[in-house]
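Below you'll find the structures, each written out as structure tokens.
Each of the two complexes below includes chain A, the first together with chain B, the second together with chain C.
Coming up: the complex of A and B.
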């Protein structure tokens, strides 16, 4: 037993941290920002440990594998959680001072689910991890139930309900599909695969649909804008990136496994269709949005479309560049949501119109916003550009010319609405010239994202290499 | 190994970074930092022009740093004969541009910051030897324009048309924002086409590299070439104002603040033409030969259409903007001839037109700041209160119509000789006709603004150029004359590069048989 427990040491450490947070809350009744600081410190410790200790190996019967692929994802999830917690500290302290520990504990439990996902090689473990990731998010989405920005409707209950109902439905799809697949293959091992038959096709499509919900890909995207608008913004910053990376991990673990990669003639076209639809719907529906969070919701749908092109390439490099893309997306989108959060606190709302004059009231927030927008739009010298480019390169090499051209054309449409936000913050006159003061933890989180986006944008080499290594490890060890 | 090239590219970027720590109130410091950054680049360009070994030719001063090794992307800089000329042009324009924007009215720090970032991108394009890095710098050069026009531009009546009506509805706040968005979107569609073209080359070479010298020696399948060339032509061409993708240019240039118009019409449009020649024609030579008749014919349309449009404008800035469309047609015409003279003329026209149009926009800006109008009907006799401005404006007009002794003449003459020597000799006729129409509209504009009886009323006490405002007219004006009388200074290096590149495109004896003006 002890021979494989160390594979899960990082995951167990996070479980321990979550338990500690709840215990401390019950026994020591900590107030203020202490718990948040503790959680951040703990997660940073785990992140550092992921570089220091060796956690590679395979459990008996191969249900769980830990390698460079898993570590790549774990580090992404940990970064997202650290930044998400940093961004939430002040908001929680101000708006829900007595319910802080639950928030962090739920977030950490969701994180544990994510950490387990990329290493799962067994349907049961995969689904359990996926549900563990998803269920706490429903609760967190409703966290601002009694509290909104003045002048904006209370949408938290709706946000949470939409997330929950679609999430539950997606689980139902997944389970039904799995029942078919496991029944056909006679094994719960993902690598086992199944003889392709109409029934297996139905099963596989149902599973893809189930995971597609969490990714927010079209046609499973309806919850995205509503949930983003209603849930607390610092939580949405986390929700908009980490579960998407989780969904990508789960989809890749299934589709690229030895059992199913042979059926890529079957699933690759389905992924291509989903990706084109996501890019089209996301980019076009973002155009008329007036609320920054809804706009980012649709933009997120579009971004997922770009990732899926790389996955549809079904090659090692394609997979690697999907990882690169999602890493870029994590830092960019998290940072962007946190800036919107910081601005909305002082500017009286999340509407794009409310953002006017941001660059004058806080040049650094305005500048950060611009950099993140440019990164999402795919403009050179920020990381998002490389992400889009590599995805297009690999998809093109795999012969997916149509989605690449559609993607490039829609990227220009994307530029239009990203710039329209930039225009509002830089060119429109604001209502006041009062300075905006984002608190230290929030500013730190934004600064880290900004640094990652710019530094990796100038020199993406190392991240590309580690994404390549991750994909190679996964495909080599599957 | 020396690092002049990275210095040239880095100096504006470093200056921009320095600006970040300054406060908006430190107006003089902001300007001085910008000026120093720009001047270092200009000095660097002069040193490069002096050190470049014309006898040896080819690529010199190579610097390389691996950026993304697994995709074969290297930050590889080197300069060739064209690069020498265009670096010098950019250096001259940015220094005079910074001086011409000394009186920028608001948010000084951001203005100079964006201007410097933009020019760093321009320098980068001219020395990049990696297709990918080329594209990176190209985008850097194109994008700051959105904010530069949108924030500091001048609003005026712009008629929204076509698909841009939607944009207009969303942004019906001022003409400048419409113009900025139109410009950005059109150029970005162009970039998207270029990106697809790059993917075709990257995939087609099979070498997993973006190194332009490797790609030059790779042989691409005919199908790949036939697809790639039009993508590069229209993609880069949209920035060069190729008809019918030129419509961003008049609105954009007319709305932009002075220094931005100078830089955009003076240098940025050249990036487009440079891209068509350096990437489109040199990397996919077979397709270039097939497509050349269309490229040349469209260029001829550009020349004539631009000239006639300019002739019918009443707004001074629109006249200059349409004249740019017309003159860029001359560049593309020279490129399409696929002859040594045509190519030398095309590159020389880039330099000549860059300096001339920079001078135009600087002077138009001066006039506008004082008279607060750009409608030529309201002006007249401005030579009395502002003689120096009038003199330099007239000089620019003369170069524009191709008067011998100015840089414009050398360029246009070479292009027309090239056209006559090409397989499509008839291109010469509309080309020369365009030059004639140019003479009509520039002289008419010049006459009705500056000459005639002295103005009365509000225009009676217009000031002539003051302090830093002298820089642009003096430097650009003398450059126009210098390059007009001593074309060899640049032509020697340009010719070396043209001959090398052209030998890849067509198998002709590359010895130029016209030794004009040397």
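Coming up: the complex of A and C.
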């Protein structure tokens, strides 16, 4: 064993788990639920291991670095994957009973790509990890190509193709931009940067455009609402959070590394423009939506706008708060999508109108929905409030006054549609009073998200500290 | 017989522009996929041309060719998944025109 293989032990464990899942599927006739439980157990094991074993260090030639920054992201990705798998188990059992193991294997491969992203310090490793994250997602989006909720048209193929076409085009942009940057600097090290020239500017903008796609930031957001609506909802719960955290990791690694942080006056305005546009488009287009998934798609675009303000601040504190925000967003949005999924299964559709009377049919799902909505809206004492507050504060300290004012005004607009969903579930009369029973794994996933949102909302200190430590490790060791 | 590396870069930029244009205006999803491949190959050509510029008679710069191999690998994965998705769409709609991708709007 080379001396640096242990840096990748968490990633390799996930690769091993994916291989095991595929082998078990081929050799043993296990039930899909058993495989799902195995995947969850394996991932929880890896998550615990990330606290127990020391995986910090740098590979020879510095292509891969593992530090507090990388571990922070890895834990976020692992949490998202665990919750995403938990939420999918029943849906898979019901809708694709013969193809369950592949779903888990693909999700795990995508997870491996994510785990490799934040530590990559070489362009080749970064883009290959990014593609490894992306390609399995195209397949998973089409997983329900032959069945959907009764009464809704078959949308999965269209949803996946829209994701694929935008994704493939954006990676072509990334590669061409990289060809220019690597060609100019003559090195594939990200930290090397390049002499600023018009051509290097074009290259950098193409790269930002390519990574902006996975974040779902404007103007690369066209796939978001359609894919969210057409792809299987438990998968969208994962898609709506983990790749966005991955995109944020990749963008921070590029922009905040030594080679580029000096060119801040060049990229920071671009990020500010993308951020304001995302907040505006996300919040305003969410208003007229009647489908909960589309509404959450646009709300996700707006949330990414808030994160990007913190990134544009280009300070250590700003970066730390971007990390805090994305961690808060992962638990909130994942939980919210899973509640929508649980409700839609029994209420006959994903429309907001169909959600009426949810609080009466299942008080705990209704309550969870309310908490998640309040967190996204940024109401005090749930985690989303601190996330927004810290992001705005740090951006203000860095002198970004205009985006902060725009952000606050649009957050008030956001309040309107988040609360209109809440009103529908609590005030409106439902069609029936029959109780809703979400299955045990799905309920467990929602409960974990709910717990994280409430506990971290009341007691955000530890998460803030670890986000600070992560940002400090990243910027200190760059 | 020595083509200047600049000419290769101009050719690559031209190919990339054609790819982007085709991606934006063509309606057939398979042709769109081909345009994406064209963009990726323009990137490959740029990698190789730039690497050639950095090479000297004594030491060849291999970053470009290595990167190009990875790009080819990624392009192959994307093509496999993309064509599978197009087949799924065709089975559903008997068409691969972009107009058949319009169930969802708003």
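Observations on the model:
Throughout what follows, the second predicted complex is superposed on the first by the 476 of 478 C-alpha atoms of A that agree within 3 Å, B and C clash if a C-alpha of one lies under 4 Å from a C-alpha of the other, contacts with A are read in each partner's own complex, and residues count from 1 in each chain.
Going forward, contacts are C-beta pairs under 8 Å (C-beta built on N, C-alpha and C of every residue); 3 or more make two chains touch, one makes a residue touch a chain.
Small disclaimer: the values here were computed from a predicted structure and weren't measured.
Using the contact criterion defined above for the overlaid structures, shared-chain residue A:142 touches chain C, although it does not reach chain B. A simple residue count on chain A separates chain B from chain C, and the partner touching more is C. Of the two partner chains placed around the shared chain by superposition, neither chain B nor chain C is touched by A:208.
Once the two complexes are laid over each other on the shared chain, residue contacts for A:172 go to chain C alone; chain B is not touched. Residue contacts after overlaying the shared chain place A:398 against neither chain B nor chain C. Contacts of A:225 after superposition: chain C is touched, whereas chain B is not reached.
In the superposition on chain A, A:459 makes contact with chain B only, not with chain C. Look at A:63: by the touch rule set out above, it reaches neither chain B nor chain C. The touching residues of chain A, when paired with chain C in their complex, are 123-124, 127-128, 131, 135, 138-139, 142, 145, 153-155, 157-162, 164-165, 168-169, 171-173, 175-176, 178-180, 182-184, 186-188, 225-226, 229-230, 288-289, 294. Contacts from chain A toward chain B in the complex involve residues 359, 374, 379-381, 385-386, 389-390, 392-393, 396-397, 404-405, 408-409, 411-412, 415-416, 419-420, 422-423, 426-428, 459-461, 464-465, 468.
Residues 9, 12, 16, 19, 23, 29, 32-33, 36, 39-40, 42-44, 46-47, 49-51, 53-54, 61, 63-64, 66-67, 70-71, 73-74, 77-78, 81-82, 84-86, 88-89, 92, 100-101, 103-104, 106 of chain C touch chain A in their complex. Taken together, the chain B residues at the contact with chain A in this complex read 66-71, 110, 135-137, 139-140, 143, 146-147, 150-151, 167, 170-171, 173, 177, 181, 184-185, 188-189, 192, 195-196, 199, 202-203.
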